[in-house]
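Per-chain residue numbering starts at 1, and chain names A, B, C and D are given in the order in which the chains are listed.
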Amino acid sequence: MIVVMKAHAEESEIDAVVQRIQRLGFNTHLSRGVERTIIGIVGADHSLNPGNFEVLAGVERAVRVLHPFKIASRDFHPEDSVFEVSGVPVGGDHLTIMAGPCSVESREQLLETAAAVKEAGAHILRGGAYKPRTSPYSFQGLGLRGLEILGEAKERYGLPIVTEVMSPDLVPLVAEYADMLQIGARSMQNYALLQAVGKTNKPILLKRGMMSTMQEWLMAAEYILSNGNDRVALCERGIRTFEPYTRNTLDINAIPAMRTLTHLPIIGDPSHGTGKWELVTPVARAIIAAGANGLIVEVHPRPEEALSDGAQSLKPERFAGLVRQVRAIYDLLQEERHAEE
Amino acid sequence: MIVVMKAHAEESEIDAVVQRIQRLGFNTHLSRGVERTIIGIVGADHSLNPGNFEVLAGVERAVRVLHPFKIASRDFHPEDSVFEVSGVPVGGDHLTIMAGPCSVESREQLLETAAAVKEAGAHILRGGAYKPRTSPYSFQGLGLRGLEILGEAKERYGLPIVTEVMSPDLVPLVAEYADMLQIGARSMQNYALLQAVGKTNKPILLKRGMMSTMQEWLMAAEYILSNGNDRVALCERGIRTFEPYTRNTLDINAIPAMRTLTHLPIIGDPSHGTGKWELVTPVARAIIAAGANGLIVEVHPRPEEALSDGAQSLKPERFAGLVRQVRAIYDLLQEERHAEE
Amino acid sequence: MIVVMKAHAEESEIDAVVQRIQRLGFNTHLSRGVERTIIGIVGADHSLNPGNFEVLAGVERAVRVLHPFKIASRDFHPEDSVFEVSGVPVGGDHLTIMAGPCSVESREQLLETAAAVKEAGAHILRGGAYKPRTSPYSFQGLGLRGLEILGEAKERYGLPIVTEVMSPDLVPLVAEYADMLQIGARSMQNYALLQAVGKTNKPILLKRGMMSTMQEWLMAAEYILSNGNDRVALCERGIRTFEPYTRNTLDINAIPAMRTLTHLPIIGDPSHGTGKWELVTPVARAIIAAGANGLIVEVHPRPEEALSDGAQSLKPERFAGLVRQVRAIYDLLQEERHAEE
Amino acid sequence: MIVVMKAHAEESEIDAVVQRIQRLGFNTHLSRGVERTIIGIVGADHSLNPGNFEVLAGVERAVRVLHPFKIASRDFHPEDSVFEVSGVPVGGDHLTIMAGPCSVESREQLLETAAAVKEAGAHILRGGAYKPRTSPYSFQGLGLRGLEILGEAKERYGLPIVTEVMSPDLVPLVAEYADMLQIGARSMQNYALLQAVGKTNKPILLKRGMMSTMQEWLMAAEYILSNGNDRVALCERGIRTFEPYTRNTLDINAIPAMRTLTHLPIIGDPSHGTGKWELVTPVARAIIAAGANGLIVEVHPRPEEALSDGAQSLKPERFAGLVRQVRAIYDLLQEERHAEE
């Protein structure tokens, strides 16, 4: 069970709830957000009655949660979460498209791509400044210089920036430039990093680990949420299977499963999910048709020259076609939904 | 390389081509269909020039094929294959929907379901008479009685029948009742069975093995095609991964990948692909949005009473909603395609 | 629960037990072996008391079985199963080594290999006459001629033969030549085939499917056992994973797991389990150290010329080293076991 | 290609080699260890001749390396690496056994376990002070207090300590208490952490990611090695597969594969590799029989009370049996090896 305190509940009220729970023989876990404190009851709490807590001073509501993820669970928050990334809405009825190159390679490359993806209808610009690379001998990203270039593109084209942060000590620096912090697939269970970004006030894009179950993914989100940051979007980017034809296997089942299990927005990444540019547009259509809230797509003006992920990057004109197609499918589904209501 | 003989080429012409190939030091593989014979050249044939074969008597064309699957390859047959299942077209521009219960359980259950799926817009009726079950102690299907019930439903509702055949000796019997023979996932590499159905004149629905790569799947199709039966549709039904939340992981990447690699129609199975009825409709939308030629869906009037696969079966009214939604997406994609031409 | 009838119990006694069970509201499943009939109680039978059945005429014992596999379960048969393959014991305290080429390629190749593996200490000769091949264009085995060659080798060197049978209609022919019938990994869920070999009186080597769980594997064994054939050995030959360096991943955990779950002998196949000859000997040592009852190893006098599986075949002299090493480890474990008793 | 400079080569000599390489059109990557600098040549260097570099001043040798991992490759360092962990040798001819509880839970629990594992023959004490837990609500380890308890156990029983470090900022603190730093499976691609431990002078135990290929694992080792720390042992701890019976699937093939591909010691973890205590001893025997240099085993005096991993922990008396058995197999293999020489 989780007890949600009213916004700006007083310390004494929080204390009283905690003591009540402990007197009943349970441990508590406090998540203190900027506005609101959530008290989790740890342990086999089936015997407790939410009504008995809702009468206490300062309590907004008490919710039974069957899943091991609590704050991420739709039981806890039945409505879709919607939040803004520097003015761009994510979640609920909004279709959010993030696009840009795998890595920031140069000022020219990034500005050219930013202009093109904006023109094609993207809402948020992606681009890696710090790159997790399998080999220590591969290009590791431009680092701070990459962030500065992203900052220039943001200013010039008015696109918020999403970029990866790979270690806790870099969180403050990356957060200075980024509007949304990306946690990469390899970092999904980097708990120190999850805690660090959970303490910022930046929206987070949490990629699924390539070897992670849906439950582990939601538990990773729970690390961020329970540190007080409630603006988390999940990103399905493909899982590892035995199939060698594609780089990863995009888990399309995860899209509607996440809509059921959690209130957090779900974004699909058809670029990493397939690893082959010719599969990106059809799989992007599938992701949106399955009910996702948005996409993140790798776009490069000259994929054959890309320093990383060239094989899965779209040229800008193909990306424009992708946006047109997914927009049409999204609008169709919205009509269907409204017709049902 | 593959040499395609003209329809009704003479034996002496075929012999002459075979001898020419053998004199060049290669082995041959003959696929004799009802109308046409195809001569495969086995071995490292990069040095051969197709033009040198196209001048021989009785030869229609010679095609270089890089993949290990030859007749299944789009290099061999660049246009989409389209064929009919007792009057219902499959492939190309057609959207084909197959639906029905997992198993034929009784005359009443099947007729009720057949009426409902026809009403909802299905084109072909599915239903298992011989069931592959993990346990020897589980319900194994009604066998011949099941086939007879399917035959009655076909007559009454005018729906062609697709049903599984599990062993070579049952092929003639099942083919008497079925309009399309299904090869189940567990049988995808049952080569004796593939050869047996390859020698019939029935269309085949070839399900992907739960542990099979795309290449192995196309090689299984090649077993059927090379025995002379060129009416094969592929069915993506989910692969086995580490994810326990869903019964299988529907490999959405395989849909556009198959459109690229082969000319054979590709059908998606969101019921086995997810194992949970609440994921079936969104994943069905995704399958069509990714470019599939159709769907096969499990429908049961009372899923909670089903003898098999109840958890993944849709009630008829939900299935009707699925058909409406996927039809709308399909039409949208067709418009898009025609606009491009 | 399973009710085991006494050897040669009378029909009327069997009938009486069946009727008693049915009157209690349960279905029955009869397994009629040559000597003994086993009556399985199907359904949620927790409420039944074995003692109430053991008092009936003709009943030897009644056993509660928690697993879905009944006859295969160690609950049902607590002692190790031991049986003979034409005089060679398999199971229990015996170390059984099967070896030979992947395919019978010619009389010379097979006789040469048979002589070498016998000399090196093998007990049973393996060799494929009918080969399951991914491609219809690959060498499919010598068929009947291959069986005849195996027969000649058996006569000359006194080695029993294990060879694969791929379809039900070939069971009688293969059983004429083979001392043990192999069910290949791709056929593990070919239920018609499992039933057919379950009705023979030949020992069976049941390979694990490359993406089959341990439970599915034991259920496949149950298909054979419940058809009356109780001489089944299981063969762990590697499962399919994401790792591309090896052809399969030998599941070493399955060896002790099978010793716990079932009384059936367990044999390891380090050749298919690794796909690389240089890993075969160390993995063979591991299989025996983990508690397996034996090995099946691919040996070829000239691996570089093999028509199939050359990369994973050992030369005879290396195989002799393997036998010496695994024998030493096996003896050590036997001493340890006896010291414990 | 890699150019290994002589111990204490002068800066000017290093510079000269770097400039020579750059003039030939290649980039360089410098790994500066305490004694020795290694210059990696980045890019398609097949055309270069090692002999041309070995004549330069200060160069010890130049080695062609085909794998993407360079310093980890056996081409680079053909002999087994052997190093000490506070006096305990790891690698080469030594059998090294690490044991202890999953987590340090209390002073009493740890001291009791330390005494027992020492008595049973363990060389190094394991125990987690900082625990990576899937849930933010689970016990996260005792932190600094856990390190202090480990320090006390070390002093009292003379056992060096191996314990996990989860983030770069904790490296200095953990390194104060630990004799060997463990990088957990979830951190295998935490590059900031790999770089941080690569800059320490502590031996590293690098666990394989649960869905990492062997090549990715060796690339992770390369991150540590290329930062100047050459004391890295690899730990196979099971990979994630579709099999639900065991927690992970210990990849036994990886043991001999690592012996071939790299000179680094390889340690097996049968506790995480199986997740079931009754499989731990047989799989431990298999790991050693396959050629590993040692084991890491979870031992708890009262597994049923453990705060984590109770199901896979051995009681001390069972662990003593394990040590006796693996020691016997190890000695047997050593005799075999020496007999061959």
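By our rule, a residue touches a chain if its C-beta (ideal position, glycine included) is under 8 Å from a C-beta of that chain, and two chains touch if they have at least 3 such contacts.
For clarity, every value in this text was computed on a predicted model and none was experimentally measured.
Enquirer: What's the fewest number of moves from subunit B to subunit D, given that each move must go to a chain touching the current one?
Expert: Contact-graph shortest path, subunit B to subunit D, evaluates to 1.
Enquirer: Comparing A-B against A-C, which pair counts more contacting C-beta pairs?
Expert: Looking at contacts between chains, A-B has the larger number.
Enquirer: Express in whole angstrom the distance between the two chain centres, defined as the mean CA positions of subunit A and subunit B.
Expert: Computed from C-alpha means, the inter-chain centre distance equals 38 Å.
Enquirer: Whole-Å distance, subunit B centre to subunit C centre, using C-alpha means?
Expert: Once rounded, the distance between the two centres reads 33 Å.
Enquirer: Distance-wise, how many Å sit between the C-alpha centres of subunit A and subunit C, to the nearest whole number?
Expert: Those two chain centres are 49 Å apart.
Enquirer: Can you pull out the residues of subunit A that are in contact with at least two other chains?
Expert: 211, 240-242, 244
Enquirer: Looking at the complex, which residues from subunit C come into contact with subunit D?
Expert: The touching residues are 211, 213-215, 239, 241-246, 249-253, 255-257, 259-260, 273-274, 276, 278-279, 282-283, 285-291, 325, 328-329, 332-333, 336.
Enquirer: Please give the residue numbers of subunit B that touch subunit C in the complex, ascending.
Expert: 29, 40, 42, 68, 70, 132-137, 166-170, 186-187, 189-193, 210-211, 216, 219, 222-223, 226-227, 240
Enquirer: Per the contact definition, I'd like the list of subunit D residues that touch subunit B in the complex.
Expert: Contact set of subunit D toward subunit B: 211, 240-242, 244.
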